[in-house]
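Starting off with a structure, shown below.
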Amino acid sequence: MIVVMTPSATEQQLQHVIDLVEEYGLKSHVIKGTDRTVVAAVGDKRNVDKGAIENVEGVEKIVPILAPYKVASKEVKKDRSVIELAPNGPTIGTEKLAMIAGPCSVESREQILEVAPLLKEAGATALRGGAFKPRTSPYSFQGLGEEGLKILAEARDMTGLPIVTEVMTNSQVQMVSEYADVLQIGARNMQNYNLLEAVGKQPKPVLLKRGMSSTLEEFLLAAEYIINAGNPNVILCERGIRTFEEYCRNTQALSIVSAVKRVSHLPIVIDPTHGTGHAYMVEDMTLAAIAIGADGVIVEVHPDPEHALTDAAQQINPKEFKKLMERSARVATAVDKVL
Amino acid sequence: MIVVMTPSATEQQLQHVIDLVEEYGLKSHVIKGTDRTVVAAVGDKRNVDKGAIENVEGVEKIVPILAPYKVASKEVKKDRSVIELAPNGPTIGTEKLAMIAGPCSVESREQILEVAPLLKEAGATALRGGAFKPRTSPYSFQGLGEEGLKILAEARDMTGLPIVTEVMTNSQVQMVSEYADVLQIGARNMQNYNLLEAVGKQPKPVLLKRGMSSTLEEFLLAAEYIINAGNPNVILCERGIRTFEEYCRNTQALSIVSAVKRVSHLPIVIDPTHGTGHAYMVEDMTLAAIAIGADGVIVEVHPDPEHALTDAAQQINPKEFKKLMERSARVATAVDKVL
Amino acid sequence: MIVVMTPSATEQQLQHVIDLVEEYGLKSHVIKGTDRTVVAAVGDKRNVDKGAIENVEGVEKIVPILAPYKVASKEVKKDRSVIELAPNGPTIGTEKLAMIAGPCSVESREQILEVAPLLKEAGATALRGGAFKPRTSPYSFQGLGEEGLKILAEARDMTGLPIVTEVMTNSQVQMVSEYADVLQIGARNMQNYNLLEAVGKQPKPVLLKRGMSSTLEEFLLAAEYIINAGNPNVILCERGIRTFEEYCRNTQALSIVSAVKRVSHLPIVIDPTHGTGHAYMVEDMTLAAIAIGADGVIVEVHPDPEHALTDAAQQINPKEFKKLMERSARVATAVDKVL
Amino acid sequence: MIVVMTPSATEQQLQHVIDLVEEYGLKSHVIKGTDRTVVAAVGDKRNVDKGAIENVEGVEKIVPILAPYKVASKEVKKDRSVIELAPNGPTIGTEKLAMIAGPCSVESREQILEVAPLLKEAGATALRGGAFKPRTSPYSFQGLGEEGLKILAEARDMTGLPIVTEVMTNSQVQMVSEYADVLQIGARNMQNYNLLEAVGKQPKPVLLKRGMSSTLEEFLLAAEYIINAGNPNVILCERGIRTFEEYCRNTQALSIVSAVKRVSHLPIVIDPTHGTGHAYMVEDMTLAAIAIGADGVIVEVHPDPEHALTDAAQQINPKEFKKLMERSARVATAVDKVL
């Protein structure tokens, strides 16, 4: 890190900073510039709280140099990670895109068994559906729980599609891990560190959604919690960030795909459903996600969106999904990918 | 809710909307305006997913009328809630302000037993300190756990100050509830619904921090989860929101105090430490919080900020806290409050 | 608009609202719901300040129903506008994309005459370059002024490419309009209403950049100022919005393309250079812009980015632009467009 | 500035960076750390585009060290500036607060001559009112122009209150400067550099509103444009920033007061009217502004808010202003200020 002193900092204050830097086990290099002096602190500073110096008299600011994540970074692993969505099943992270689709919530056996074969037929890679539902309001539908997981497993038996489903709390991890192929961590839980550690200790891949106001650094540190706990199979998912915009529920921050590819080896998918919040925007955003280089998408598809119990405004129907897949295939080809 | 039709909506599309509204158990009123038709849907719509209509052809948008929260709202309880921080202990929600102070983390027995009496002497109402720490990085200090809770309890025995401390996951709730007087839910867990329900089922008051990108509605719905689970004693805490600003770690959104007083009966405190992120801003922001009408503040105070293991840049020292309390007392008087 | 009364509103307060609504020349419909009463005010309310009622006792909030823009909206003009970038020159708004490219600033005659033929050869539709530069710092290069316009005109003579260049203030409008083919209004001037009116009174098309925190409504109202002043040829340009993200200079809000197509007839282009702020992201974002359905892009290309006087971090070089065009052509085909 | 190299940067890439740094007239210091090499570039870099190096191969990022503003900074002028609102009139920047009040728009002679004496009597320091109005919609009331300026001048003759009024475009500067005591630059024009230069060349003080998404650095650079053009009398005004919050029109970012006092000598006032957007929040926010240390406030007061032509939802009436002043006086005393 770089410690920038104020123009009026005294020699004594400078010496105090140097002492603190060395107390932390770092080496200090002092550079006297025309306007102010800076102290470059060299060494692995990840376990030092940089703020400890910011508060010192004579210090103007601290500038970190190293990113705080390690195992999620490209520096540690140069090749991009390829992750199996199910044992010997489809992978993510190659030129073949992962097209994950399914309803927001598992509402009934009929609903899932109706929609799953249609998704399969349209070319989906995996089936998503929520059995445990994080709902902003306690008065909303909260999901079918284990019953929902059984329905998803039945749909997998029927179609062969791997199952992606959300786990909300530590006590559900074992159960969800038994039924599902990929465990999803929702945006609201991206910094639920106990949950991150719990999914890091089970064997299935984890689809980690970006928190709605998380930075790239926080996002990769959340992945780092999972990897550190023992599970290297983390799939990042950008699902829109919160901004001032009002014509979409969230602002889909597509450029994170380019940034992730530059600094990390983890695959990344886009969720155009939450990323826009409006069914009419989903198809076009899917095409953009593919064009920019995402490793796949996760899209909500409901057999009857008008009667969906959750996320009704943003789910598309199977017919719309079919068209989305056809157009996606063309764009994929144009960027040397396949569905 | 109000359903706004597009200008080109057909009679058939309008009728379909009316049918859906009535299928949901609501009554519909159609109003034909000069530019477009709207359908007002009357009745308690809280358990209907408004999106279900937004997706329908001929619909331009849906406008909700009712707030989705109930028991946290002033409509249900007109008087402002007064909550005891400990049985027969200090209260929050009256003209007497709650001045909660203490280090970010419990680092050692010495640290806490040194700082607690100084805080007591300066006039603090309660002692804060983290035994379980949600850390952005897995490489940072993660807290002392139960050992930390014991140290806090010892400080309470010594000073009489009630203890406010964070609980991060469901499995910690019982233990933390045994040691602490007030359970804190951190910003990153504001929408950890399972945790909200768990603290709703134990008897101690809950200090609920606002998520860093949560709206007022989401904040009150999180409180609603706790109240609905059986615990009416929820203290709201604004701790800064995430914006584009770069001279502060977060943007302290003080106007939420005025908004909360208008729509809810729950007390609200301000956290100027996280709300600004810089030690030098804490005192002035505390004064502003009192002036705008907050029911108290929660401030990080460390005996030696330069060597703090966490949040070093934003903690003030006991001497600075003493000055903060003296100035706060004067501003409190000016707005007819007392410390 | 809809006026929502508080639950405790009196009959007298309700009557006062009805009186105000009618005083404004609107008709009122009162709907008594289970929880509260709403007053629907019917009629063209565009010239009424809706706030006038929000402030009245007994009123909880006002909900607008009509969008405030008219001539920029699809309701007034159903077909999408097709605009000529130069008389009998290339158009924008059809299946043929407008690929506008050129350096951030006109720095010298040599620079422009070197880069323009390379852009032409790579397939660019028009040449951009700034002669008047809005710079955040007064110490930065401020542009060559009229000399820069002459250089651009010379490049047009050489290549046939229409010129797009920024106008910053009313006194420059006439001069810029004489040299340029398309006048650009920068993001910082999106709500400089006097300037909008001035470019609305000259005959050349206007490329209007979205303000960095403007909503879609404000963006279209800015276009409305230009159209109302007499110039219907407005090209919208999304250039990134300001959010908390730190890995890109701005957050490119691509979903506005879908939104604009739904509510307006105006063409829209994407500026991936400012929308991302990093040269390495420009190509991928361009592909995404085409995939999502934009009518074109405007990209900064400099013959020697390392020595660019402005925007050095985000300009690509001619060779990179050539590759960008080749990849763009493939994606364009995949979405039934051509370069 | 500090140039951070990627871990895989070659010696040749490092040398190229050193060459560029020296080409810019800066001295380079190379520091080889455990994970990567950084190049510290020493010297006055204000006129170099730092991006020029960011784009170079082998470079990870550039970290600026010096703030880009000079004459607005405390380094150049240590004492806080005290500015006369009128020759021999009230000043701003001392312990005496500037309480600027008046309607959003000058609507009529009657309106202004009714409200001005009431404001004077309640203790206002200056009278505000808009004659030229920047309106989001072209269909809204656009102000009375010079007629409005004459009415304001008449109110000054009647009450002795200095006049603060907005100037929107260069051609109005001379006229407004003749009538007004303080020229206001609106938030939407904060980066209208030509206008900044124009008000920098006339003699009256300038009240510069913060752009709704501007950083502190951009805000001070805008002030710098005015000061550089010859006018040192710049009063900063925070008027709320744009965030995701929905219960207030803007988020009042009060901590900028503490930040400005740390880095600049310029006085700063708070605009609680636009900063909150709701009349009911204005009084409490005013108290907070005084408590945090602002040099004054600028508040919209209308004799009949229900019939205001602009900003009706957020203006308070003279009786409410009287109460605001009484409460403000008490808080001012508590922080050693006076009204």
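Residue numbering begins at 1 within each chain, and the chains themselves are lettered A, B, C and D in the order written.
We take it that a contact is a pair of C-beta atoms (placed from the backbone, for glycine too) under 8 Å apart; a residue touches a chain by one contact, two chains touch by 3 or more.
No experiment lies behind these values; they were computed from the predicted model shown.
Participant: Identify the chains adjacent to both subunit C and subunit D in the sense defined at the top.
Facilitator: Joint contacts, listed by label: A, B.
Participant: Compute the centre of every chain as the mean of its C-alpha atoms, then state which one is farthest from the centre of subunit A.
Facilitator: Greatest centre separation from subunit A goes to chain D.
Participant: Please tell me whether A-D or A-B has the greater number of C-beta pairs in contact.
Facilitator: Spelling it out, more C-beta pairs touch across A-B than across the other pair.
Participant: Could you put a whole-Å number on the gap between the CA centroids of subunit B and subunit D?
Facilitator: 31
Participant: Distance between subunit A and subunit D based on Cα centroids, please, to the nearest Å.
Facilitator: 38
Participant: Can you work out the whole-Å distance between the CA centroids of subunit A and subunit B?
Facilitator: Distance between chain centres, rounded to whole Å: 26 Å.
Participant: Which subunit A residues sit where two or more other chains touch them?
Facilitator: Counting only residues that touch two or more other chains, subunit A contributes 213, 242-244, 278.
Participant: Which residues of subunit A touch subunit C in their complex?
Facilitator: Against subunit C, subunit A makes touches at 213, 215-217, 241, 243-248, 251-259, 262, 275-276, 278, 280-281, 284-285, 287-293, 327, 330-331, 333-335.
Participant: Which residues, counting only subunit B, touch subunit A once they are in their complex?
Facilitator: 20, 46-47, 49-56, 62, 68-70, 134-141, 168-171, 188-189, 191-195, 212-213, 218, 221, 224-225, 228, 242, 278-279, 305-315
Participant: In the complex formed with subunit C, which residues of subunit B make contact?
Facilitator: 2, 4, 7, 29, 31-36, 38, 40, 42-44, 63, 65-66, 75, 242-244
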